[in-house]
Amino acid sequence: MSDDSEYSSRVALPPRTRTAVKGAREMTEAALSTGDRKKAIRGSIFYAVLLLGLTTALLSIAAMITWAFIAGGPRLNLNLFTNVPSVVTPESAGYRTAILGTLYVIGGVILLIVPLGVGAAIYLEEFANPRNPFNRFVDLNIQNLAGVPSIVFGILGLAFIVRGPLSWGFVAAAGSLTLALLVLPTVILASREAIRAVPSSIRDGSLALGATVWQAVSKQVLPAAFPGVLTGVILAVARAIGEAAPLLLVGAVTFVTFNPQFFEGGYSTLPTMIYSYAKRPQEELQVLAAAGVVIMLVLLIVINSVAIYLRNRFERTW
Amino acid sequence: MPKATTGDTVTAEDEAAATPAVGVGSALIEDRDRRASGVNTFELHNVNVYYGDMLAVKDVSLDIPHNEITAFIGPSGCGKSTLLRSLNRMNDLIAGARVTGDVLYHGVDMYGPKIDPVQVRTVIGMVFQKPNPFPKSIYDNIAFGPRILGMKGDLDEIVESSLRRAALWDEVKDRLKDNAFGMSGGQQQRLCIARAIAVQPDVILMDEPCSALDPVSTGKVEDLMLELKEDYTIVIVTHNMQQAARVSDLTAFFTVAAMDETSNRTGVLVEIDETRNIFSNPKDERTANYVTGKFG
Amino acid sequence: MSSRVISPGVSSDGPNVRSLEAPGLRIGERIIKGLLWTAATLSVVVTTGIVVSLLLPSVAFFQQVSIVEFLTGTIWAPAFAEPSFGVLPIVVGTLMVVLFAMLVAVPVGLTSAIYLSEYAPKRVRKTIKPILEVLEGIPTVAIGLFAFSVLTPLIRELTPFLPWTGPFSIGVAGITVGLLIIPLVSSVSDDAMRAVPMSLREGAYAMGATKFEVALRVVLPAAISGVIAAFVLGISRAIGETMVVLLVAGAGNPVLSFDPTKGIQTMTAYIGSTATGDISQGTITYDSIFAVGALLFLMTLAMNVLAIRLVRRFREVYD
């Protein structure tokens, strides 16, 4: 930088102008300096790195989906749905009982998580005093449960549902209850958000007319929160459909060739069946496993699209 | 009916002397009779309202007469709305809110052990600052209260009579099934008033009901208030002094008394009197400063 | 003057005063409140259940096997005729998964987050975020199978200098888990960075900083505890993953090894493969499942508590 005093001593300038001149000169020199060009290059490299990271993620998703269709391609026909599983005759094996098993188990999950999850959310948002230490403990609890590994829920199921107090045995209902407990925190958290999003003016307006809290909730708040709650439930269901680990421990037996029942007999679900096929060395079973993955992916895409569609349709801007 | 304005020649004479001011009809005499009957809807004795440890309203004692319009005025933050909300126990909804002292409704302690806050709100209704219709049809908005309270009578009739009393019937009678959000702000507020009327309260509390409305709608709501006071005790909180002067019979002026270390403000009642006295001849200097616009 | 249906008229006796007491016992309301409370407390019951279900058999287990031997022993052979219960091999297996997962998820997740939060225009963000979430929604069985069929052979092709043996590899399992947790790391970091107030960025821009400098030198440091929380949550998730490791790293071979090319058993794999057999209750092998489960639970619990603390500290600064 040039010497300011040298310049300003040559010309008698008032101090403010002197500062302005110096500043202007420095800015111009800065803008023209090569340092700035280096900065620009570094900026571009950084941007490229960012995009690279993002692309890796997106690419892997694409790769996965493509692989599933290619690998499972050969077995993608209606037999997949109508045939029962088999190891001995892989050419004629299918997923029928597994799909039925999934329907039963997930049906049970829905029956459980809607009243329990939405009910808990309603209590925590509308009835509970937020300062009460017990309620804060419940809050904390739900947050922690959301982070527990799914297999630990399998252990819980094994100890308490299959054996222990409930002793239901290795039945589909045990799978339902286990999975329901697993996704319950998700439903509670999502429902709480949905309820919280309803403006308090609606609540206040109802209460000011002489409604009880439950009347205000059931007739005004819940209907308004419904889209959000529904989305939460659907997403929880989507997650439950894909779970295999906990079910391994509560009796989703490897090969079931009979149709499932709720409280009797063995059962299997789509993901556990895929795992059973995938574990084995036979080439045909690997293909079968991949075909099963395709079924799952299609199913999940449908469910998630329904969730998005419902959310958009019922979305309300306050 | 126009009320006495501050420019009239009303001197501080005996209340019994009936000298009606210019432009006022028999209503003023009727008002005096009513007041003379001594019926108060609310009587407050040494009422404090706390939010947790913070004292929001300090030591308020006043009477609110039956079937008249009482206005709470004062600068912002002086606890007017807080006090209003303690009249229908809406403060109960705020965790940590506490009321000490006596709040009597026709002699009954509103915070007594056997009192049911839900029932209180049926008898003492409220209209809020920002119109808050439910996201339902106009009909369902009005019908909500009667339905949940299990009121007897034909719902259609109740809806119609409430809308008529709120001077809204003619505007909406052909579109009762339309969503309430399609109405203008002024209409929505009148809808909220109709909704409150539908559950047949004795009292209507209004928390700055016109502050979100345009002047024309404000005028309509003010006219409505003057009609409604025939049958309902009305208490309104307002920032608009002229509004208080226009519609209210009695005015209570509040101000901020103290700020503690955390700059929490505590409101106190300065004085309460007939409206024309508050505006033309206030007893307290703070009132005089406020109404003449010297502060606030 | 119109009249009201129920109206205390002003009579000479004064108005009729309506009662402020409850018209009934409001039993319905109380019952409903009770039912809802039950639903809410169920979560506490579940946690208690988890703790108890892990605790009792673990206690039985530790009566036969000393904790020291458990935590420091290097041979894990619970089903052998002469069983050995040193848990380190499967713990190391788990940690290897975590290591490789983080090697993938940290750079990819963080860069995606920086891009989405600082660079991406609104529309791009709106389309990309949900796509990333697709990755999170893919069942782990599917990803595990994909990794086993495609990734393992691919990586073996690319690294012929490594001593590959057999179809299983804990390193590839870790990488796959890493892919799985990218959306988690990305979205939590993204939230953290978006919570940094615009004014901080604007101050930097006003001094002539480039976007790159602002992102790296202003936003990232400001969001650091949120970003670390994202990593911690990722670690917790990686510790608990089961299906991917079962499929990619195999269910056997609990040998203490740091070789990523081998298939090594993790804690979750042990539980997932052992508990499915018909192991009779009360045997020490059965109890060992719960002991390992307890250790797993404690590890993830510690991580989650840490993450919650970090997020809370981060939020306090900006709320």
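To keep things simple, chains are lettered A, B and C as they appear, and every chain counts its residues starting from 1.
The rule is simple: a contact is a pair of C-beta atoms (placed from the backbone, for glycine too) under 8 Å apart; a residue touches a chain by one contact, two chains touch by 3 or more.
What you see is a predicted model, and the numbers here were worked out from it, not measured in a lab.
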| item | value |
| --- | --- |
| Chain occupying the middle, per Cα centroid | A |
| Per Cα centroids, the chain farthest from chain A | B |
| Between chain A and chain C, centroid-to-centroid distance (C-alpha), Å | 11 |
| Where chain A and chain B are represented by their mean Cα positions, the distance between them in whole Å | 49 |
| Whole-Å separation of chain centres (CA-atom averages), chain B against chain C | 53 |
| Sites on chain B at which at least two other chains make contact | 118-120, 123 |
| For chain C, residues that touch 2 or more chains besides their own | 26 |
| Junction residues of chain A, two or more chains touched | 212 |
| Chain C partner contacts - residues on chain B that touch it in the complex | 34, 37, 39, 66-67, 105-108, 110, 114-116, 118-120, 123, 153, 165, 200, 202, 230-231 |
| Complex interface listing, chain A residues touching chain C | 30, 39-40, 42-43, 46-47, 49-54, 56-58, 60-61, 63-64, 67-68, 71, 115-117, 119-120, 122-124, 127-128, 137-138, 141-145, 147-156, 158-160, 163-164, 181, 184-185, 188, 212-214, 238-239, 241-245, 248-249, 271, 274-275, 278-279, 286, 289-290, 293, 296-297, 300, 304, 308 |
| Contacting residues of chain C [partner chain B, same complex] | 1-8, 10, 14-15, 17-23, 26 |
| Footprint of chain A on chain B - complex, ascending | 88, 90, 93, 95-96, 118-123, 125-126, 128, 130, 132-135, 144-145, 148-149, 192, 195-196, 199 |
| Parts of chain A lying in touch with chain B, wherever the complex brings them together | 129-131, 199, 201-202, 204-212, 215, 219-220, 224, 316 |
